[in-house]
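After this come two complexes, each holding chain A, first together with chain B and then together with chain C.
Moving on, here comes the complex of A and B:
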């Protein structure tokens, strides 16, 4: 087993920054911890789940997909130079964040390929870290992940009781990162791992839940849950797996950029037709779609659950809608 | 520069002609500016594209012209929003962006040797017009062709010049109608809602394919009529015109249950539509 001390982990960040890589990790930003570019190893903060997920590293809130400019009598459209996307190391992401790109890869690469997302994925290495504490909103175990799940990580760190980390190079990218900085890693048995404090929500039967969803497209449950939803979209914007987006232009008719930017199926006009007809015209239909997309539709299409159990939507919801509680209810209802 | 393909990059096209179909519905004839694109662009009837007005963004419309008519494509839209309003302000010679073609199409080869009944309402004629012209350009391959087309009022009928052409060409039966109260004094069609007029016209279901396109309410009331006339759900085709943005199965907007209309559709049989969750 390979071990890295906390100091060497911080030294690794210093070295990666010197190598001109974009190093992103949890960092205290004002009064909250966010995933932000690190300029030094000392900035890495590992004692709190960042407020927003790390999804935006691969799928930014807003990104240019082309620019246009009037030239002569016509229009010139210029592609975005994706070769300039930086080599990136995401460091210190718990499994609920480290796991999301491996879920989103499916939708971004089936048939048509979203090269904006895929180029960033290609140029990124994810150093995940086992989680040692949860809160009332955490439910990764309920959706098939775990505080020590390596899914999605290239290199996975497990905190040990002596303050160092056991390292497991999960992928070739992870092996390459270790190989390139092998003097920072030591062979050793290592101390005992820091234990994880159990989550409130235990493992759910996702197959049972999916079957219930298939059979209960119409159910009073949807109205009960969603009648309080205010459709603010916070749950989607803070989610590591939600991937809905819109495309709009910014600029004048002569000169500007076209941008892809996050959207949310909870917004009232998300599905509004030009005719005025809206297939999901009330909030309970929209909330039903959110649950269905995550636990049925995405699984039907790609064989994956579109949720990592990070609990951010629960913490962020202004009216206290608790997706884990809904899943527990459905799990209890399912035969 | 990056070598990977940007799926959101449109081809540029010039507006070659504009036809005002109604006070708020307009048809644009578009010609691709790049010679290679112009020569190599192919599509099948029923496919759609993302059209952009630079400075405003993109809107989704079916390709309204027929694949058998080469050298240009046409789109037809009602100006109801920001992008469509801006498209309507453009003039002949201006540039628009076109991404596509996307989605599946009507399996026209499977209709060879059969009769066809087209049923359209209002601004939903364009998705069928592409098939109508495709089939009229191959007229020998089909038996009877009936078109039932209605709109709220006489003024709302689109492609009026083509309706006349279809009426006069002799190998098409056109049944034109407007909703009660929508006919002017000289209207030469029928007065009534599309499903009712269809039932009165009573096209034979034998060896016949029905193609229906219209607002959801029209489709809802037309399907039982077709059933009464003897059409099976496998012989009825429609298109689901859901709101879309990316057009390529990423943006999560157009789903009906686990069906992505942009990738699995927009063309579906009535059997497929009935199997979907009723959220469209």
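Moving on, here comes the complex of A and C:
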């Protein structure tokens, strides 16, 4: 087994920064911890789950996709040079975050290839870390992940009781990262791993839940939730797996930028048609879509569940809607 | 009775107080449902997680017996009676559990002709305070876990309710953190103050939770959703974020009841209530007006008088 000490993990970050790589990891930013570019290993903080998930590394909050300018008699359109996207290392993502890109790859490379997302994915290495603490909103085990799940990580770190980390190179990218910085890693037996916390939510039967969803497109459950949902996008925006976006041209008619930015199915105007017709005209249809998308539609299409159980939506919901509780309810109802 | 003299000098509010309020709320809710005074009661039910509560519209006696009040009952429930949450009021007269700060929102909504007093049965809560964000939820409320807004609460006793649940209890000698923070920001040179807000707004992801929980953001067409032509950039970038938060602060001037829900729900910890407080201060200085203490015919910014001060027009 290979071991890296905490100091050497921080040294690795320093080295990667020197190699002109973009290194992103949990960092204290004002009063919140966010995934932000690290300029030194000392900035890495592993004390708290970042408020926003690491999906923004591949799917930014907002990005320019082209610019336009009126020139002569016509309009000159300039694409974004995606070859300039930097080589990136995401470091310190727990399984609920590290696992999300491998879920999103399916939709981003489906009938339409999202070159912005895919280029960033190609150039990135994910160093995941096993999770040793959590709270009563965490439910990764219930949706098939685990605090020590390696899904999605290229290199996976397990915290050991002596403060160092056991390393497992899961993919070739992970092996390459270790091989390029061999002197920071040591061969050894290592200390005992730090134990994982127990989660409040028991494992859910996702097959059963999906079947119930298939049979209950109409159900009083949706109205009960809609009674209290205020229709904001907080749950979707901080979710590692939600990936809806909107595209807007911003600027003047002569000069401007086309931008892609996060959108959310909870918003009243999300499905508003140009005609004025809105097929999801009330909140219960919108919340139903959120659950259906995560636990039925995505599975139908790609064979994966669109939820990693990070619990962010539960912690952030202004009105206390608890997706784990809803899933437990459905799990109990389903035959 | 002199409220100050009778004030209990408490350092903690024990679970027993909330249990007593809970009992009173249940009793009243059951009564008005049984008597068919109302079609439902908007209140709080316990959440799955320890020390949490969630808003609920209860329509049966059985459900009403599960209503609770605890320091986790942070929401301003008046949002459920607004146009933005269509459907609740339409069903008939409703009961609502309201803390002092929620009462201010109800009064403001009545001022703006969004609610009729006779359509409501208000179960006022004599509220000693609620939890802040990310604090330890032990059931006991102390200086360590009380919300920022509650530290300077002036409406512990709800006025104008049909019934009041609870007796007067409040924590003594709380540091007025919000007032201190506002004084700190006001003392900053303008450039520094601008930088303070720029930094905060740079984190905004435009999830619109601030708008959606606000009882006064009930417009059916929000300026910020308009895209033909686009009034405010809808992408989460510095320019649009700044514009959005300024537009909101201006629209809430003289209207915001100070429930600070916008700040509580912001996933990015933007101290939005500081903007609201600042606007409230302006209204107090300019018009000697405080929003939402009691329903009035018209607020100062939605009426015109010939002798209004015109000196700001240059």
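We take it that the second predicted complex is superposed on the first by the 335 of 335 C-alpha atoms of A that agree within 3 Å, B and C clash if a C-alpha of one lies under 4 Å from a C-alpha of the other, contacts with A are read in each partner's own complex, and residues count from 1 in each chain.
As a working rule, contacts are C-beta pairs under 8 Å (C-beta built on N, C-alpha and C of every residue); 3 or more make two chains touch, one makes a residue touch a chain.
Please read all numbers here as calculations on a predicted model, not as lab measurements.
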Looking at A:280 after the superposition, I want to know if it touches chain B, chain C, both of them or none. Which is it: first, second, both, neither? first
Chain A residues touched - chain C or chain B, whichever exceeds: B
In the superposed arrangement, does A:246 touch chain B (first), chain C (second), both or neither? both
Quick one: is A:40 in contact with chain B, with chain C, with both, or with neither? Answer first, second, both or neither. neither
Which of chain B and chain C A:179 touches, first, second, both or neither: neither
Classify the contacts of A:300 with the two partner chains as first (chain B alone), second (chain C alone), both, or neither. first
Take the contacts of chain A with chain B and those with chain C, and give the residues found in both. 246, 248
Touching residues on chain A, where the partner in the complex is chain B: 65-66, 68, 73-75, 77, 79-83, 107-108, 110-116, 118-119, 217, 243-249, 251-254, 256, 258, 260, 263, 265, 270-275, 277, 279-280, 285, 289, 292-293, 296-297, 300-301
Residue set of chain A touching chain C in the complex reads 29-32, 34, 51-52, 61-62, 136-137, 200, 227-228, 230-234, 236-238, 246, 248, 250, 259, 261-262, 264, 267, 269, 282, 314, 316, 318-322, 324-325
Per the touch rule, the chain C residues reaching chain A in their complex are 47-50, 52-57, 75, 79-80, 84-85, 87-88, 199-200, 203, 205-209, 211-213, 225, 227, 230, 233-237, 240, 261, 264-265, 267-269
Provide the residue numbers of chain B that touch chain A in the complex, in ascending order. 1-2, 4-10, 12, 14, 33, 52-59, 78, 80-81, 84, 86, 93, 95, 97, 123, 215-216, 241-243, 245-246, 248-258, 260, 263, 277, 279-280
